[in-house]
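In structure tokens below, several structures.
In what follows, chain A forms one complex with chain B and a second complex with chain C.
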Partner chain A sequence: MKTVMSKKSVIALYVLPSLILVLILIYIPIVLSGYYGLTDWNGVGKMKFIGLDNYITLIHDKLFWTSTWHSILLGLFSVLSLIGYLIVSLILASKLRGSNLLRKIYIIPMLLSSVAIAQLWVKIYDPNNGMINSILTSLGVEHTPLWLADPKIALYAIFLPIVWQYAGFYIIILYAALINVPEELIEAARIDGANAFQIAYKIKIPLISGVLKVLVILAVVGSLKYFDLIYVMTGGGPGHASEVMASYMYKEAFGKFNFGYGSAIGFGLLVISMAATWLIQKFLKTKSDD
Partner chain B sequence: MNQMETAKVDMPSTPVLPAPKRIKSTALKKAGMGLLYIVLIAIAILQIYPLIWLFELSLKTNQEVFGMSPFALPKHPQWSNYVDAWTSGNIKSYFFNSVWYTIVAVVLTLILASFVTFALTRMQWKLKGFILALFMAAYMIPLHSTLIPLFNIFNHAHLINNPLSIIISYVTFNLPITVMILLGFYKSLPREIEEAAIMDGCSVHRLFFRITLPMTAPVLSTAAIINMIYNWNEFVFVNTFINSEKWKTLTVGVNNFVGQYLTDWGAIGATLVISILPILIAYIFLSDRIIEGLAAGSVKG
Partner chain C sequence: MIKRKALTALTLICLLIGIVLTGCSSEGSSGDGSASGGKIHLKFMHDWPKGSSPAYFNLVNEIIKDFEDKHKNVKIDVEVLNPDQYRDKIKVLGASNELPDVGLTWSNGFAKPFATGGQFTPLNDIIDKDFKDQFVPGTVESYTFDGKSYALPMEMNITYIFYNKEIFKKYHIDVPKTFDELKQAGEVLKKNGVIPATVGSKDGWPASMWFMYLADRIGGPTILTDVINGKVKMTDPAIVKAAQEVQNLVDDGFFVKGNTALSNDEAKGYFLNEKAAMFLTATWELPNFTTSPDTSKAFKEKVGYFKFPLYEGGKGTDINSYVGGPGLGVFVAENSKHKDVAKDFATYLVKEWGKRSVEKAGILPATKVNTDGLKNVHPMYLDVLKDINEASNVTTWFDTQASPNVSELHHDMMTALFGKQVTPEEFAQKQADALAKEAKK
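This part shows the complex of A and B:
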């Protein structure tokens, strides 16, 4: 048995096709991105090696840091909204009737393409014919906001569809974790006189801290690389009011054909994402890690 | 973490133990429950209403869109918006491109991921842990950092404007999450049948194709539907690697279409509905599998 199941030729046949794909299309490009960052290159012509110039420019590029800050803001918002998702999940997981159906409804926006969601919300935010300003007008608001066209609020306006899109996703994961909290623990606490809030705070939340940590990482890293919805809704504008790292990279490379500098931004995005993951891992130590 | 396997089993609502001490508070409790339900239902409405609004929009005339309240129902549903959307532009060809890219990529991903998962959970070899870590870590890498090099690689391979670049990218970038989804199931699968088959002199390939693969059908369908959603909705690869109208998919095509027909909201609405309808229909039939897959893929890391 052992010999058959450790045949090298079979293992190679089963693993190598996938491994080669992942190496060539994911890992090698990561290294290449760092290298292209060292060149002056328009994407089709010859690459000119210019050393660290692009990275030095990047460090002094205000626009890069603005877009990084916007990405970080999205990450912070996403982590904050986890609190809301957690509250909803706690309610749903308290053996509420109909929680199954509610979860199924909550998740629907998550199934749709970011392009469809972006186009839909562009219509919802339309200053003249959109849903939101129509409500505001009927409430007596005279100067309705321009939403996506207003540099001061565009980024925040984009956050609403993001919450809308991902709410169900986080809720089903939190719910799944919560209903696995052993019933005996909750019952014991109840007999000791603990109320619902104490049970949630002292028992349920600590017990799902591992899942919470994973979700914080997902929310932050997901936000740092956020692209589709912003690219379609505002293209990073007006001006650069809603520019994020990925959209900045995309514009530099595929809009202005600065592939060298675009690669440097892409590499910056990778480094910042990795650093964020590492920091969260470090600071959110859970019991399961010890 | 096998919390997720049991997640799909909703606990039956067990009768609450009689608690005589708390009888006084039942009225208050009921009111509280009512309030909670109102909040939860309000959230459900917020989640679903924009889509209903989109559907209404898709049936409106331009006069209704620009002259009346956005909340007014369409008086005479303009199904012709759908006919226009389907026949004008290239929506039809985008749609069928999306269909076949999605199907081919899903089939390839499932086969490759099953091979890997089988080797990782059933076979004995040294680098197992390292290879698994490699697949897991790939899931965390932002794909945008790979985009420029990928473009260059495909350009040199003459795969720009070629559906192959899209399918290869879909397969590769979905492999990590698919392996994650399959892994839990493979680990929980009893090995007796497989061990017996080997004792009987069954070859590894025969074992894999005839015994293991059929046994994993449930998790394969979960992985398939998750892959289908991801591929159907994918935007940035097609937007970057494909220029010609002939090979564009629905997400990119719809986005261009909206840019071209800025003032025809009815047709835009109809196009958007066409682009999301296949997923919504799949969801009606496979909601449990989809929920299970979304949860499993994300937390099992």
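This part shows the complex of A and C:
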């Protein structure tokens, strides 16, 4: 008994350094940004405490909700694309010849920096000299789309490279999970006469459902706070058509010197991300309980 | 046994905290100039990367080297960023009180929070002593708040429509004197498959130049400054009309397709590649059209410029009224550890800049230039310097005069206006609301 108790204190001691780091680097900044959200602050001068004004403005700010909607759309897109990744991984894990090479090819976009990817796709989308429109023109299309310049399609045009960028990451994780499915189970199913589709649907996918759940959460949370490609490719434009929460926060804080309001947006982002995570966990749990 | 474990744990914690703390302290001092090995290190940041502004980059390096040769105990540590990144980084550094000893700032709205927040040091002593009557009128004033001047202006820019003389000649187009002629020129160019004008309206500010000139020509030279000072409302019919005319040009296909996704540099490419015939921009581009080794000689010979045409029936009847203003100025950080050396360097930089910039780099400085002494200068410079002397008015860019908040909104609205996401009325109304809200504060 005595040893257990003292062991706990040792455990506590061991945990302490990382706890301190997490506190300093994550939790304290969260509390601070929540507090900055209560102030009118231009980032340089004195802070003025204004109570809940920023948060009230935030709730009535149409632009914030538009950007939230765009972030949620990105989340939906990312989750849907998981289905595609799953199919690819299933094929790769089925001892296909050359799957090793293919796996490496899929991971390449992961290795490129976001800015490089953004520049690449900006060139591809260029309405006058870009690759896509050049092909379309040569095929005889007269009114080629403006892609990033068209407010109606700019957002979706950015989704594509984002999905492309993270494909390798998800495929690697799914692949690793799939090759860990015990061979005996698949063997047994095959003897019982199950075809490849049945094996995948009835055995492999249920066995990796834990990993899938984690990936759904990763995809949604990652999408909600997504920033880099959007910032480089359109800057949230044209006219906020591709604005997401993080880019809106950045614009308010660094573009307009509104650090108070920017912090309030950041805090809103945190609340929404937490709510989304909680919802997904709840939703997925009830499903598996059935 | 357990005690020893506890001890190891404790040592580990101490070590970790030690690492964290030393990390903090070394970061803190790297921001300021620090003396090491007897040398004074000054940190200097500018936004002229070698790739996009080679003339500026080289001239600044040359001056820095000369300064270091004269002051053997000083080492200037230079950090170069492109303008957009620079803009952001300076704000972040300002927020964490770690500005470089010497750096560049834009005027008016951009400099104000730094100046009034006590981050820049007042430079009135230097201006009175070393630069008496040396600056072009109206430049220092753009960095002056509550009677104190916080930066030494480096540039004076005015805006022209640069055009491709060969394309104009090929289709028998005369330099337009009126807005109608400009539109007709656009029609001719379009018919012949040439993009009439290129503009990077993703960035907002290049698009705004079209709006500002039209506002100047329709509403008179003081209208934009009056809007900032609250004397005229943004919803004034002249402003709405200017916005309407901008959108008419967009509707006519006057601008390059998809310009709301083009940055200024990308848009400039269309002009440099001779795909677009006109490019409204400021004189900071002059080196690219005259001296820069990166543009072909053949192209340089084709570039000309004309003043923004007059608008029939508009109040702005003087073609010598320009939109422009001081670009960057040099500031010295208030919490610099070597303020005197930093001030010396800033003074030296601006003085030498004024002496060498036109001849060596083709840059128009904010200090007065004696054109008689100039040799080997591209004739376009003499024309531009003459224009500046004869200017009846230079309206400082609207987005520069406005606060960062309004300025950002203005950029957004410009992109939206070019992308046809707002009507001219909404365009004016939204900015009027923001200005009114600010006036209340």
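The rule we apply is simple: the second predicted complex is superposed on the first by the 263 of 290 C-alpha atoms of A that agree within 3 Å, B and C clash if a C-alpha of one lies under 4 Å from a C-alpha of the other, contacts with A are read in each partner's own complex, and residues count from 1 in each chain.
Assume a residue touches a chain if its C-beta (ideal position, glycine included) is under 8 Å from a C-beta of that chain, and two chains touch if they have at least 3 such contacts.
Keep in mind that what you see is a predicted model, and the values were worked out from it rather than measured.
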Applying the document's definition of touch, where does A:Ala241 land relative to chain B and chain C: first, second, both, or neither? second
Which of chain B and chain C A:Ser273 touches, first, second, both or neither: first
Tell me which partner A:Ile173 touches in the superposition: chain B (first), chain C (second), both or neither. first
In the superposed model, does chain B or chain C contact more residues of chain A? B
Could you tell me if A:Ile83 is touching chain B, chain C, both of them or neither one (first, second, both, neither)? neither
With the two complexes superposed on chain A, say which partner A:Gly43 touches: chain B (first), chain C (second), both, or neither. both
Which partner chains sit in contact with A:Phe227 here, chain B, chain C, both or neither? Use first/second/both/neither. first
Which of chain B and chain C A:Pro17 touches, first, second, both or neither: both
Scan A:Leu139 for contacts with chain B and chain C and give back first, second, both or neither. neither
Let me test your reading of the model: by the given contact rule, A:Lys251 touches which partner, first (chain B), second (chain C), both or neither? second
By the touch definition above, which chain A residues appear in both interfaces, chain B in one complex and chain C in the other? 6-7, 10, 13-14, 17, 21, 24, 43-44, 128, 254, 259
Going by the contact rule set out above, which residues of chain A touch chain B in the complex? 1-2, 4-8, 10-11, 13-15, 17-19, 21-22, 24-30, 32-33, 36, 43-44, 88, 91-92, 95-97, 99-100, 102-116, 119-121, 123-124, 128-131, 134, 164, 167-169, 172-173, 175-177, 179-180, 187, 210-211, 214-215, 218, 221, 224-225, 227-228, 232, 245-246, 249-250, 253-254, 259, 262-263, 266-267, 269-270, 273, 277
Which residues of chain A touch chain C in their complex? 3, 6-7, 9-10, 13-14, 16-17, 20-21, 24, 42-46, 122, 125-128, 146-151, 154, 234-235, 237-241, 251, 254-259
Complex contacts: residues of chain C adjacent to chain A: 2, 5-6, 9-10, 12-13, 16-17, 20, 88, 91-92, 94-95, 113-114, 116-117, 119, 201-202, 256-262, 270, 275, 403-405, 408-409, 412, 415-416, 418-419, 421-422
Inside the complex, what are the residues of chain B that reach chain A? 1, 3-4, 6-7, 10-11, 13-14, 17, 36-37, 39-41, 43-44, 46-48, 50-51, 53-54, 57, 65-66, 69-71, 112-113, 115-116, 118-120, 122-125, 131, 134-135, 138, 140-153, 155, 168-169, 171-173, 175-176, 179, 195, 198-199, 203-205, 208, 229, 232-236, 240, 251-252, 254-255, 258, 265, 268-269, 272, 275-276, 279-280, 283, 287, 290-291, 294-295, 298-299, 301
